[in-house]
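Report on the structure given below.
Per-chain residue numbering starts at 1, and chain names A, B, C and D are given in the order in which the chains are listed.
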Amino acid sequence: MKAHKIQQAPIPMRSVGPIRLTGHLLDEKVWVPLATYETPLWHSVGRGARISVLAGGIKTSVIDERMSRSILLEADDAWAAHQALLSIKSRRDAMNKVVGLSSRFAQLIDMHSQVVANLIYLRLEFTTGDASGHNMVTNAADKLIPWILSEYPGLRYSSISANYCSDKKATAVNGILGRGKYVVTEILIPRELCERKLHTTPEKVVDLNIKKNLIGTLLAGGLRSANAHYANMLLAFYLATGQDAANIIEGSQGVVHAEVRDGDLYFSCTLPNLIVGTVGNGKGLDFVEENLRLLGCKEDRDPGANARRLAAICGATVLCGELSLLAAQTNPGELMEAHLKLER
Amino acid sequence: MKAHKIQQAPIPMRSVGPIRLTGHLLDEKVWVPLATYETPLWHSVGRGARISVLAGGIKTSVIDERMSRSILLEADDAWAAHQALLSIKSRRDAMNKVVGLSSRFAQLIDMHSQVVANLIYLRLEFTTGDASGHNMVTNAADKLIPWILSEYPGLRYSSISANYCSDKKATAVNGILGRGKYVVTEILIPRELCERKLHTTPEKVVDLNIKKNLIGTLLAGGLRSANAHYANMLLAFYLATGQDAANIIEGSQGVVHAEVRDGDLYFSCTLPNLIVGTVGNGKGLDFVEENLRLLGCKEDRDPGANARRLAAICGATVLCGELSLLAAQTNPGELMEAHLKLER
Amino acid sequence: MKAHKIQQAPIPMRSVGPIRLTGHLLDEKVWVPLATYETPLWHSVGRGARISVLAGGIKTSVIDERMSRSILLEADDAWAAHQALLSIKSRRDAMNKVVGLSSRFAQLIDMHSQVVANLIYLRLEFTTGDASGHNMVTNAADKLIPWILSEYPGLRYSSISANYCSDKKATAVNGILGRGKYVVTEILIPRELCERKLHTTPEKVVDLNIKKNLIGTLLAGGLRSANAHYANMLLAFYLATGQDAANIIEGSQGVVHAEVRDGDLYFSCTLPNLIVGTVGNGKGLDFVEENLRLLGCKEDRDPGANARRLAAICGATVLCGELSLLAAQTNPGELMEAHLKLER
Amino acid sequence: MKAHKIQQAPIPMRSVGPIRLTGHLLDEKVWVPLATYETPLWHSVGRGARISVLAGGIKTSVIDERMSRSILLEADDAWAAHQALLSIKSRRDAMNKVVGLSSRFAQLIDMHSQVVANLIYLRLEFTTGDASGHNMVTNAADKLIPWILSEYPGLRYSSISANYCSDKKATAVNGILGRGKYVVTEILIPRELCERKLHTTPEKVVDLNIKKNLIGTLLAGGLRSANAHYANMLLAFYLATGQDAANIIEGSQGVVHAEVRDGDLYFSCTLPNLIVGTVGNGKGLDFVEENLRLLGCKEDRDPGANARRLAAICGATVLCGELSLLAAQTNPGELMEAHLKLER
């Protein structure tokens, strides 16, 4: 194999749907491109999509967005670290002037910190327009560090990234403080539809969600996570739309909540850390641009609106696949049978 | 977008290296294909690869392998659950006869369990030859469940997968009980090489590893993880070699340990849950087969040997990228500068 | 305050009950001593105890027991570490001869390990008769280390305790590999009793358990835990019976599972890591001996039987307090009202 | 055993010290009462105390304080939940008027939330003067809930406590958002003192801290924790000073950071969640009042100052015991020998 020759890894991709979405962001049917080696996923999401149409839609809410970078500084002792942090946190306006030199879109919206011994872990949190924002926040941090060191001569540089961000790692901080889009998707599925199309009952899905997703993940020592396979849908969606797919690690930490409501099935997927963008790294490729365009995420909108739309669609896609797998697993043998049939 | 037409998502791919490997599995130089939207990664891994050659190689050990599936059963009460488990665990030979009907390669090697109330979470652990084994173990579990239910009429079926497996989720169980290949990679880098090629010192890398990877991840509420960006290398390697890339979630939970030894830098990456295979899902595609062939992982060897070789190479690739990034982050400004230069 | 004069901290203690227990270990009513500054706890557990009597008893199962100590050794590299571990694990009989020199009761029953870089974390697991066993396993490890170092001259000593034990820390390893007694307690409460005595319904308790204990703890970034206040009952029981109460940290990691069954309330508390003993440290004090005697845990039984009985009673006590608090929290205002009334 | 007769559990207690403290809160020597069944602890803390005097003191910083209670409400859907939260969070002044009716000391200082499906987990954070504040915040929440339900008729009550608080549970949220006092203690120990009094070297302590506290706890699946036995000191200090000792669960989640600095040992203990108070539950007992008085924590100071002083002393006590045990574990055999000698 000759080195340094750029090549391509063509991952199988198919457009699945349509998925019916409702909510504050969009009210329409959307076909979703999914690129994956696990091709039975197409069928699984497709089944959920059909339910979304028949049940009147998946209600989707995007309730927060931010991207973070944590820097690491050192003070003389813990008290000096604390005093410096108090002051820095009070000067967001001055810091945003510095941030503005690095990007038109980045806006410092909050800061959180940890002090260990004399070490300062400062988590800088930004909105980043339509970009997922990894580079934008690194760039902003790169500008802020010299400013901080010059304003606070008692502090010393240690690292531009200190894992309190926390990028592509399964942690608790992202869910608690926010990173990426916070997306909630909900659907109410009539009992009759549940039985006819999913071959199960609302009670069975609720029961399995408790025993498998909540208790099973807990026993495994899971962290802020209760779902069957968010990761599969996220990977396929991310690859098809030019996202940094390593962010499925935090993205897949989310919670399925299901209830029987008046005999019907209320089913929801909460994804507190969905990192997606419609511009930036990975977006220049033709097929990516085409996919984003077909998803309606390259329109002329306010900064951030295209990315929020993309997040909403991604969250609905996750719900479709999650619902379909859980329903299948309520029936002995169905999962394996489906795999064998589809992979032949 | 027309539905149901199979398409492709061509991810940029480049061959990086050579990486020099030593150890019980292989002693040679290898070029590694990496498919990713984050193209600065090629440069980063390439820098680590050059160090591997100059320092005499990355010693790689594969010290465990298994794939698991946890099933969920119910008993009348906790005591009945316990009694059934005691009996089931004593009958591995009988169970392997059942497993043998589903696959030539799957072999049940261990079982672990949890009892909650009257619920049984039984984790079945198999070797699976050269396959990563997801489907093989699901298939085996699918055969074992009817056998168990018939041998233990007091038990009832609840689910074929109960998240105690635990697939594509960040949990503690996989690291503690094993899932995938357990890979350790180690290198000793002379101080002079550290300074000349990485523009840093052994002390600085050790210090950053403690403050960022160990303490920083801990503060973030991380789970069995202390590294800077295992996830990036894993994703790129997985996509290029036809792996189920959603398994980067558990794969990226691993530990960097670095020490100054007689003035030189000892640097190691431990990856307890590296799920890779050289046959099975995703492997039929031409470019995947070609990549596996070029990596020397399609040779005529004992079952499992090709997959172990692949795991070793993957682990060494992770070390290259991890070393390079940590070295860069010891220097203010270097990370952003490199990104800006490479992405132009 | 003059130093070095031994004094006493007299904690308020009351005997609560009787609690009705059934199961494989005991079938009787027991009064339970609870020492605590949080005196409303007495009332809370007492309410649960009355339910236990009216509902026909709390079924209690003790399904595992062990105490562990992890030692830390170093090898030349990861492969040497692995080879040494393979050999050590195969020689349990020889090791038990060494263990036998340190104690009549300690018995090495299993070993688990982790390798990071060239480091060996070896978790030694013992049964320890009626003692909780902290010192017994430290003593055994202290004898085993010289034996290992002499049999495996390639290994070096690093520490007698390496936090993979894991003592008095909230971790996942204890739940997965076992430490202390694994106790499950279950009760079936008729709907009518639920309504009349707990002023709630089975449905409300089940719903609250899902939303508070399972989802709420998950959101908090909890680890293998889903309960309202196991810790309170454990502390009070531990102090009254001479236990090392810092072990409530792992002891309180457990799961409440509740279901509506035929209109009644099935309610269970699983405690996988209950560390208790009837001999050893803290047990020589008069009031402790008296409490253990009154609990029927100083009888002439096989080694371990008294401690298992104590664990069963402790688990049932936890269920009483947990049930009572959850029931109270289903009603707005009831919790605060009870506190205000009782603390006056 | 007759029920309902109040008794006492007299725990052995000794005054240990003096510990030398410096920092923004106090600059003096203090004798510390410790109540415990694990009496070797007195010797261990005493050894650290002597180091504190010889090394010029333990610098102590208290950098945050708050107590939290999370309530659980339900909205019609996720978007309605989000809209209600936006409004509630903007009305802190109005809410503090309600809080003021329940307590002179409670002050609502911040709010954080999580939305799952249509569920609202609202974490109310208060300062609570010299009380640890458990009841104060429950009482405040009890007043705030009717106010919220009346102001936001679209919301429904679910529970007064939803485990996102998170009380007496090992979680990540308390460390990230704060609960109790955030205490950092630091000491610089000359190499000569390290060798003469602790029979070890700065390098050995630093090395053990990395391998045992950081990596060992990580492997165990620990959560935001890296220490050897914070729990032991906390339990003994809490019992002697009338604290709710079940709070050692979150209190013991903290980080030891050690470095060799110019040949000397820098050693620090960070305790982000130390819940202590000098008034309230458990404080009325004579010996508790006496202990608090002797610690100088019953002086006429601004509200909160006595509790901060108590937190500082507690943090320094933890450092003494932690330092002593780590030093002992660097030497093979020393730990067991000390236990055997002291327990005889």
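Couple of notes before you dig in:
Here, a residue touches a chain if its C-beta (ideal position, glycine included) is under 8 Å from a C-beta of that chain, and two chains touch if they have at least 3 such contacts.
The chain list, named the UniProt way, goes like this: A, B, C, D = Hydroxymethylglutaryl-CoA reductase.
Just so we're clear, the structure is a prediction, and the values are computed from it rather than from any experiment.
Interface comparison, A-D against C-D: more C-beta pairs in contact at C-D. The contact pattern of A-B recurs in C-D, the pair among C-D, A-C or B-C where over half of the contact pairs coincide by residue number. A straight line joining the Cα centres of chain A and chain D is 34 Å long.
Distance between chain centres (mean CA atoms), chain B to chain D: 37 Å. The geometric centre of chain C is 22 Å away from that of chain D, both derived from CA atoms. With touch defined as above, residues shared between interfaces to two or more other chains in chain D number as follows: 114, 116, 119, 171-173, 175-176, 215, 219, 221, 223-225, 255, 257.
In terms of inter-chain touching, the protein chains here all touch one another pairwise.
If you check the complex, the residues on chain A that touch chain C are 172, 175-176, 210, 214-215, 218-219, 221, 223-226, 255, 257. Note for the complex: chain A touches chain B at residues 1-18, 31, 33, 35, 37-38, 70, 72, 114, 116, 119, 121, 135, 138-139, 142, 145-146, 157-174, 176, 208, 211-213, 215-217, 219-223, 225, 227-229, 231-232, 234-235, 239-240, 242-246, 248-249, 252-253, 281-282, 285, 287-288, 294, 329-330, 332-333, 335-336, 339-340, 343. Chain D meets chain A in the complex at residues 23-24, 59, 61, 63, 77-79, 82, 112, 114-119, 171-173, 175-177, 182, 184, 186, 221, 223-224, 255, 257, 266, 268, 270, 272.
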